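What follows is a set of structures to go through.
Look at the two complexes coming up: chain A is in both, with chain B in one and chain C in the other.
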Partner chain A sequence: MSGVTLALDLLLGLSLVWLAWRTLASPTLFGAIVLFIAFGLLMALVWARLDAPDIALAEAAVGAGLTGVLLLAALADLQQGDNLLPVREPLRGWLLQLILALCALGLFTLLTLALLGLPSPPPSLAGQVLPRLDGAGASHPVTAVLLDFRAWDTLLEIAVLLLAVVAAWSLGSHPHPNPRIVGSEVLQGLVRVLLPFAVLSAGYLVWRGGFAPGGAFQAGTVLAAAGILLLLSGLGRPFNGRHWLWRALLASGLFIFTGVALGTLLLGGGALDYPAGLGYGLILAIELGLTLTIGLTFIALYAGEQDAAEERE
Partner chain B sequence: MILALLATVLIGAGLIFFIAGTLGLLRFPDVLCRIHALTKADNIGLGLVAAGLALLGGSWAVAFKLLLIWLLVMAAGTTAAQLVAGHSQAEDER
Partner chain C sequence: MNTLLLAAALLLLLTILAGLWRVVRGPTAADRMLAAQLFGTSGVGTLLLLAEAWQQPALRDVALIFALLAVLALVAFVRLRHEGAE
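Then we have the complex of A and B:
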C-alpha cells in the first residue's frame, strides 16, 4: 500500500514541477493563466497529502480560484487596449539561460542540503501550541494560532488586504465584469441555485473554524466567488465601491479586530489578550467580520471602480 | 469485503469515463465535440467515483455529501459547457 501512495505522491510532485515549467514556458498569457490555475489545484492536492487541510482549502480557493479570476480579468484589460493578444518574448541568449540554470541548480542544492540537515524529528511548534489549546478561544490549533496566540499578525494581514483595495482603486482599474458578457440566462439559473449553498457554506466554514479546518479566509473566498458569479450573471447590481455602506463593510473586519484589540488593552491585559471565557465569542465575532471583509475585498479587487467607468462613458 | 470490491469496480468504471473524456478532449476536432466528450467524464464518471467513495465512506452523512457534490459539479459543469459552447458559436458567427 505504501508503495502505491509513494508512487502517487511522486506523480503529484513531478506533475507540479512539469505544470510550473509549462506555465512559465506557455507562449500565450491565456494559456499561462489556465496552467497556473491547474497548478494551484494540484498544489492544493499536495497540501492535502501533507496533512495540511487548512492550507489546501486556502490554496484551492484563493491560489487557484480567485487569483485565476483576477488574472483573467487583468488579461481582459490588457486585450481591451489594442485588441492584441500579448505574446511573451522567450528568453534569448544562451548565456542568460546558462546563468539562470546555474542559479536554479544552486538554489536546489541549498534547499536539498537544508532538508538533509534537519534534525530528526524536525523542529515543530506543535509542542508549544497543543498544551495551551485548553486556555485558547478555539480548539482547532490553526485557528488558535491565527486568532489567539498570533492574532496581531492576522490583524496586520487584514490591514494589508484593505490597503491592496485602496491601491487597486487608486490605479484607476478597469471595471468588471464587461457588460457585453453579462446576462446569460443559463448562468442566471445556476447562480440562483448556487447562491444559497454558497452563503450556507461560508457560514458553516466560519463556525467550523473554531474546532476544525476552516475559518474566515476560506469562508470569505466562498462569499467572494458567490459575489463575482452574481456580478457575472447580471443578477446583482454593479459593485459601487464609493457607496458608504460598501466601504463600511469592507473595513468592518479591521474595525472589529482593532476594536477588540483596544478593548483588551483598556481592560488591562495585553492587546488581543482575550479575558478568560470570552475568547470563543470574541474570536467568532472577529472571524465573522473578517469573512465579510475578505469576501468584499476580493469582489472589490475584481470589480474595480464602477464610477470611473460611468464617468468615462 | 464485498462492499470494498463493489466500490473498486464503481471507481474503476468512473475512471474509464474520465480517461475517455480526456482522450476526447485531446483528439476531437472542434470545441463542441470536445465539450461533448468532457461532459461524459464530469457527469457519469464523477457520479460513479462518488458512488464508490460513498460505499467506502461508511456513513449516510458522507454518502449524502458526496451526492450533493456530484449534483453541484453537474450543475456547474453543464453551465460552463453551455457558456463555452455559446461563446464559441458567437465567435464563429462573427
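Then we have the complex of A and C:
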C-alpha cells in the first residue's frame, strides 16, 4: 500500500468518525441534517474505497441525496407546529456519562475481538455464487443474488416499502412547499434542464443493473429525486395519493413481482425459479416495476397522502 | 500516474474537510448548506479520480448520481425554509 493510499484511508476513516460524532452532538437539528448529508457523501466514498460500488451507488442516492430532503421536510413540519421542536439537552450527570462511556468501550472491544478473530480468508458466499452465474438471469453477481438466488428477500423488502408508505400516510399529510408559492423562474429553468437527464440516468441504471453495479433501488431513487424536484419547483401537478392511478403505480412493483412468483410456481419450478432462458427478461420486467414503485414510494413518503389542492380548501 | 491521481483525490478530500469546518461553525444556515453543496462537486471530482486510479468504472456512475442529486438538498432548503430557522 502506497503512502498516498494510506493517507487517503486514514483521512476517510477518521473524518467519518468525527462527522458521526459532530452530527450527534450538533446543538441544532438543522446543523445535524447538513452534517448528515456530508456524512452520506463521505460514506459513499468509503464504500467506493472498500470495493463495493453497488453500496456506494445506493449510499450516494439515498444517503447523500434523498434522506437530506426528507429530513429537511420533517424539520419544516416541526417548525410549523408551535414549540414542537424538541430541545436537545446534553446528558447530565457524570455517573450516566461514565456508564455510557464504559458501554461504548465494551462494544468497541467486542467488535475489535470479533474482527481479529476472523478466519483468513474471511467467510464468503462468493465461491457459491460465482460458479452459478451462468444459469442466472443477470451476469452481475449482486443483481443475480438480489433478483434470482434470493429474490424472495427482495420481494418482501418491496412489501415493507409499501407498508412504510401506509404508515407515513396514517400520520397525516403535510404538502411541501406551500402550494400557493410557485418556484422562481431560475428554479423552474433548472428543473426543466435537469429532469430529462435524471429520467435518462434512471433508465441507464436499471439497464446497467443486469451486468454491472446499478439496479432498481438506485434508479428508483434518481426517479424520486426528479419527482420531488418537480413538486418543489411547482412545475408538476401536486402528488395525490388518493387517486387510484397513483396507488396502482405504487403497488405495481409488488404486483409484478408477486405475479412472476405465482407464475413460476404454477409452471412447477417453484416460486421465483425462472425457467431457463426467460431469466433475463423476467428480471428486467421486475426491475422496471420496482424502479417505478421505489421512485413513487419516496415521493409518497415526501409528499404525504393528501392532494395539495384539497388542503387549500 | 496512479499516485498523481490519488494525490489529487487526497487534495480534494482535504478541501472537503476544510468545508466541514464551515458546516460546523456556520454561522448562518445558508453557510452550512452552501458548504455541503460544495462537497457534492468535490465528491464528483474525487470519485472520477478514484475511478481512474483504481480502475473501477462503476464509480463514474456514483459520480453521476452525486451530480444529479446534489442540487436536491439545496432546492429543498430554499423552498422549505421557514422564517426563524436558526
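Here is the rule we use: the second predicted complex is superposed on the first by the 297 of 313 C-alpha atoms of A that agree within 3 Å, B and C clash if a C-alpha of one lies under 4 Å from a C-alpha of the other, contacts with A are read in each partner's own complex, and residues count from 1 in each chain.
Quick note on the criterion: contacts are C-beta pairs under 8 Å (C-beta built on N, C-alpha and C of every residue); 3 or more make two chains touch, one makes a residue touch a chain.
The shown structure was predicted, so the numbers you read here are calculated from the model rather than taken from an experiment.
> After the match on chain A, would you call chain B and chain C a fit or a clash?
Once chain A is superposed (C-alpha atoms), there is room for both chain B and chain C without a clash.
> Using the touch definition from the top, say if A:222 reaches chain B (first), chain C (second), both or neither.
second
> Going by the contact rule set out at the top, does A:146 touch chain B (first), chain C (second), both, or neither?
So A:146 meets neither chain B nor chain C here.
> After lining up the shared chain so the two structures overlap, which partner does A:292 touch, if you call chain B first and chain C second: first, second, both or neither?
Touch partners of A:292: none, neither chain B nor chain C.
> When the two structures are laid over each other on chain A, which of chain B and chain C touches more residues of chain A?
For chain A, the partner with the higher number of touched residues is C.
> What is the contact status of A:214 with respect to chain B (first) and chain C (second): first, second, both, or neither?
second
> For A:193, select first, second, both or neither according to whether it touches chain B, chain C, the two together, or no partner.
In the superposed model, A:193 contacts chain B only, not chain C.
> Answer with first, second, both or neither: which of chain B and chain C does A:31 touch in the superposed model?
second
> Note down the smallest distance between any C-alpha of chain B and any C-alpha of chain C in the overlay, whole angstrom.
5
> Mind sorting out which residues of chain A both chain B and chain C touch, each in its own complex?
In chain A, positions 187, 190, 194, 197 sit in both the chain B and chain C interfaces.
> State the interface residues of chain C toward chain A in the complex, per the touch definition above.
Against chain A, the touching part of chain C is residues 3, 6-7, 9-10, 13-14, 16-17, 20, 23-24, 26, 29, 32-33, 35-36, 39-40, 43, 46-47, 50, 56-59, 61-62, 64-66, 68-73, 75-82, 84-86.
> Which residues of chain B touch chain A in their complex?
Of all residues in chain B, those touching chain A are 72, 75-76, 79, 82-83, 86.
> Please output the residues of chain A touching chain B within their complex, sorted ascending.
184, 186-187, 189-190, 193-194, 197
> So in the complex, the part of chain A that touches chain C is made up of which residues?
2, 4-5, 7-8, 11-12, 15, 19, 22, 28, 30-31, 34-35, 37-38, 41-42, 44-45, 48-49, 51, 53-54, 56-57, 60-61, 64-66, 68-69, 72-73, 75-76, 79-80, 176-177, 183, 187, 190, 194, 197-198, 201, 205, 208, 212-214, 218, 221-222, 225, 228-229, 232-233
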